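Below, subunit A partners subunit B and then partners subunit C, in two separate complexes.
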Partner chain A sequence: MALFFQRLVDGMSYGSVYALIALGLVIVYRGTGHLNFAQGEMALFCAYFVYQFGEWRIPVWPAMFLGMGVGFLLGSATEVALVRPISKRSPFAVFIVTIGLFTFLNWLDGAIWGNQQLPNSGVGSKQLSYPSLFPNDPQDQWLPFGVSIRYERVGILVLVLVLTGLLFLLFNKTKFGLSMRAVASNAESAKLAGIRTNRVLMMSWGLAAAIGALGGVVQAGLNGNVNLGLMFTVFIYGSAAATLGGFDSPGGAVIGGLMIGVIENLASGYLPKWVGQEMKLGVAFVVILAVLLVKPSGLFGTAKVERV
Partner chain B sequence: MKSLVSIREGGLASWALRLVAAAFVIGLVFWVPTSAGAGLISTAIEALTLMSAAMALNLILGYTGQISIGHSAFLGIGAYTTGIFVSRWGFSPWLTFPIAFLIAFVVGVIVSFPASRIKGVYLALVTLALGLVFPQLLTWKKLSWLTGGGAGLPNKDSQLQTTGFNIGRKEGQMLHFEIFGWDPFGDLRRPDNKAAFWYWIAAGVAVIVYLVCRGVVKSRVGRSMVAIRDNETAAAVMGVNLVKTKAMVFGLSAGLCALPGCVVAIKIGSVSPEGITSLTVKGAITFLIVMVIGGAGSLWGPIIGAALYVFVTEKTGEWANDDAIPALIRPLFAWAKVPPGDGIFAVLLILLMFVAPRGIVGVWNQYSSRIVRVLPRPAGAVGPAPMATAAMFTVTDSEGEHE
Partner chain C sequence: MTLLKATDLTAGYGPVTVLQQLDLEVQEGEFVVMLGANGAGKTTTMRAISGLISRHGHVEFEGVDITKASPDAIVRAGIAQVPQGRGTFPELSVEDNLYTGAFVRSGADSVRDDIARWLEVFPRLAERRHQRAGSLSGGEQQMLAIARALMSRPKLLLCDEPSLGLAPLITQELFAVLEGLHRDEGLSVLLVEQNANLAMHIASRVYLLETGRIVASGSAAELSADDSIRKAYLGF
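And then the complex of A and B:
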């Protein structure tokens, strides 16, 4: 039972990262109907920036906000310069552009910071490990009933829940949130009603990338270092979370992310022979496939009615 | 659009053009192994395997419009089929080509059934997940009796210590490759001869893949594929069996993609998830990039894209070291800590999507017709079937959007 509880908490903290990536995917999807394949790589780019800020002796919390700012600029610039002009052509062209951005950002990370993992004393890093948002020394844990509950894990979970609450307020209680929902439901009518759809879309992409950036920083902190392959699998888990929760439901994305984290952690913990560390990704694959085949709108999404 | 010269398809001039183009391509294919050094031959093998994989992907993505970022898995199936059958059970590497094709074909057909319900970017997502899961599957404990786990094959249990041709002087080993007493390569233990041997295997695979793609695209099935790509509903109404066509194309594309995998296993002589980059998802993205840059939905697009990609990445491979960069453009690239190949192609991909979504072949079709224009034969006219190179010169409406 103690072990179960510990796996549950661990799963939820990893799930928090997936929830953040999924939130970014969902916000973009609601606004423009595109799946941003570069979401994970945008987050990685910002995570590298936070490492760099750490090298410049900026404390981790301000560094995180700066990293999210970088993400916001990157996301909104992507929407204005790449996605908006190309989306007139076809969804396929947008897909190709996001794949191009995926490759480009991954190359750029390597070009600027090299392809070794960071921090690395070999290249003269001043930091010993990637800056963590919460205390993560070995003794930073509660031990109720023999379960080890690390402050870091709980802190991340709380952070994600607070962020979700703030997003809920943003979507439902502010004028900007109202215009975002209007654009999501019908962009043409929203434009006629006087909403600056272009600005709303730009802000949505920026917001999505900023939230993803937080996910990247948290993931790198959990991992202890940042490297070029860090976000490949996280992106798949994040998309599995968005698929499970429904691609147009931000709340669903968070719940989906936590569920995916818990499912993969329990599966690899209780089925070490069948799942183990190697086939954790297989769990995400099965979830994506099963949801898309059985209930394509996900748990909390709205079913799309298509007229043939 | 006016053009300088107009010639008729099937006429003397158009045949002459085709002959010149064919002679150029064949000349290039023969020139590489005879006159080039071992380094260039090795690069050429890489280009040939990449273009075979990109051509296979083109069938499903360029012609049928079904996005796949998981074709690296099919290439991996090919590599591991050769690896397992040769090193564990002592099969001849030649035999593993049809076996790999069949296995990948079956897997492709199985993948096609969920794929026929999942559309657009969702399919991209599922195939991306497939591409990421595949290398993990190879390291799975439950399968390591077959795949050799993370270390790959051959391992201490295997019958042969190679996954390719067992070349050597000992009893039962191969020293020469003879076709009816003709020994074209000589002693295969010499690296140059061995490289030439592999080159011709890779070239043979590329030619077979090209001919199959060409045959399929110009057939009734090919027209069904394009109909599905352009408008699925309309295609179904016109009597195209969506499920059957998609299953067939998926299977064929997967089967063809496995063949370059066999070539890779033969060339490297061992298989492992880390040892072969093109069986990871990075490989699948490379197939996609070279195919789109060359020209999705055209027969020569993947070939040109793959050749360009391998040429550029090879030329710039040492550029992480600043002294290797030509002085003229050194300030442009000196800051980067990794070779600029992937960055260049990513930027090129995005730029092409803006200015020429049909890739290099699309640009060629658009501008070549200003100089030489081949007028298509009137519909219903009798005559020999048009040849491959004709596709390069035919005038197409390049303004239309095909996805």
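And then the complex of A and C:
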């Protein structure tokens, strides 16, 4: 039972990262109907920046906010410079462009920071490990019933829940949130109501990338370092989370992310022979497949009904 | 006073030109109806005035050139459009639809007062205040779309075929509300319709539109008096 509880908390903390990536995917999808394939790599780019800020002796929390700022700029610039002009020609082309951006950003990270994991004292890093938002020394844990509940894991979970609450307020209680929901629901009528839809879309992409950036920083912190492959699997789990929760439901994205994290951790913990560490990704695939077969709109998504 | 004045208005979609050098105007306090068959360019006229599609020529509102203005600037200037078909936000509640209509306004109190007012005018919306707009019937959605447009406190209301797909009784009810707003509050309206009978009844002035050109204009009485026009366009 105690071991189960530990796996649950660990699963939820990894799931928090998936939730953040899924949130970014959902915000973009709701606003524009595009699947941003580069969501994970945008987050990685920001995670590298936060490493860099650490090298410059900027404390981790301000560095995280700066990293989210980098994400916001990157996301909004992507919408203005790439997505907007191209989606006028073909929405499908946008998907290809985000795949291109995925490759480009990964190349860019390598060109700037090299292909070794960072921090790495061999390349002159001043930091011993990637900056963590919460205390993560070996003794920073509770040990109820002999299982280990690490402060860092709980802190991450709380951080994501607080962020979700703030986003809920943003979407439902502010004028900007109303304009985002209006644009997602009916872009042309939003224009006729006097909403600057272009600005809303730009801000949505920025917000999505900023949230993703936090995911990248948290993931690198859990991992202890940042490297070029860090976000590949996380992106796949994040997509599974968004599919599970429903691609148009931010709340669903968070719950989906936590569930995927827990399922993944329980599966690899209790079925080490079948799932183990190597087959973990298969869990995401199975979840996506099952959701698409049983409830294509996801747990909390709205099924689109078209009037003909 | 001339509220809206379009001269030489040419607009279309990509390489296709739909409107050919259209001239049209709406005086303050007028209820202008534009009649035309399918494909005559009624919706294109509305979209061109609202700035949703690129246009050439000259559009003036209250003496100010708005030819190059963006859709949101045009709403701010005082033109609101009820678009054809579903002009609502189906995923948003009735109340949020109305709040969205007030997007260009400030002053939370007066916005709340207006919401209360339109819910009184359209009691069926009041009952469904917290329901998603997508769950409303066609007639209720059209009422909501009109209330949404009125929430911006427009000086000119553009209505694109409000009768489309609605039962005759519901259509009559809608027109009665529009007529009331026009008569009691002096709201200026430009309404396009295929449904000639109802629209002619309340029109101060009528335009007949055919393949992107205005082929006749005048008061409802004048147009109905002309036999050839009556037979060709009005169908009675």
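As a convention for this text, the second predicted complex is superposed on the first by the 305 of 308 C-alpha atoms of A that agree within 3 Å, B and C clash if a C-alpha of one lies under 4 Å from a C-alpha of the other, contacts with A are read in each partner's own complex, and residues count from 1 in each chain.
Operating definition for what follows: a contact is a pair of C-beta atoms (placed from the backbone, for glycine too) under 8 Å apart; a residue touches a chain by one contact, two chains touch by 3 or more.
Computed from a predicted structure; not experimentally measured.
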{"item": "Which of subunit B and subunit C A:Y270 touches, first, second, both or neither", "value": "neither"}
{"item": "Subunit A: partner with more touched residues, subunit B or subunit C", "value": "B"}
{"item": "Touching partner for A:F4 - first (subunit B), second (subunit C), both, neither", "value": "neither"}
{"item": "First (subunit B), second (subunit C), both or neither touched by A:L192", "value": "second"}
{"item": "Partner chain(s) touched by A:W142 [first = subunit B, second = subunit C, both, neither]", "value": "neither"}
{"item": "Touched partner set for A:W61, first subunit B, second subunit C, both or neither", "value": "neither"}
{"item": "First, second, both or neither for A:P85, with subunit B first and subunit C second", "value": "first"}
{"item": "First (subunit B), second (subunit C), both or neither touched by A:R181", "value": "second"}
{"item": "Sites on subunit A touched by subunit B in the complex", "value": "34-35, 37, 82, 85-86, 89-93, 95-97, 99-104, 106-108, 110-115, 232-233, 236, 239-240, 243, 273-274, 276, 278-279, 281-282, 284-285, 288-289, 292-293, 296, 308"}
{"item": "Residue ranges of subunit C touching subunit A (in the complex, touch as defined)", "value": "50, 52, 70-72, 75-76, 80-81, 83, 86-92, 96, 99-101, 103-104, 134, 145, 148-149, 152"}
{"item": "In the complex, subunit B residues that touch subunit A", "value": "65, 67, 69, 114, 117-118, 120-122, 124-126, 128-130, 132-133, 136-137, 139-142, 233, 281, 285, 288-289, 292, 335-338, 340, 342-343, 345-347, 349-350, 353-354, 357, 401, 403"}
{"item": "Interfacial residue positions of subunit A with respect to subunit C in the complex", "value": "175, 178-179, 181-182, 184-186, 188-196, 302, 305, 307"}
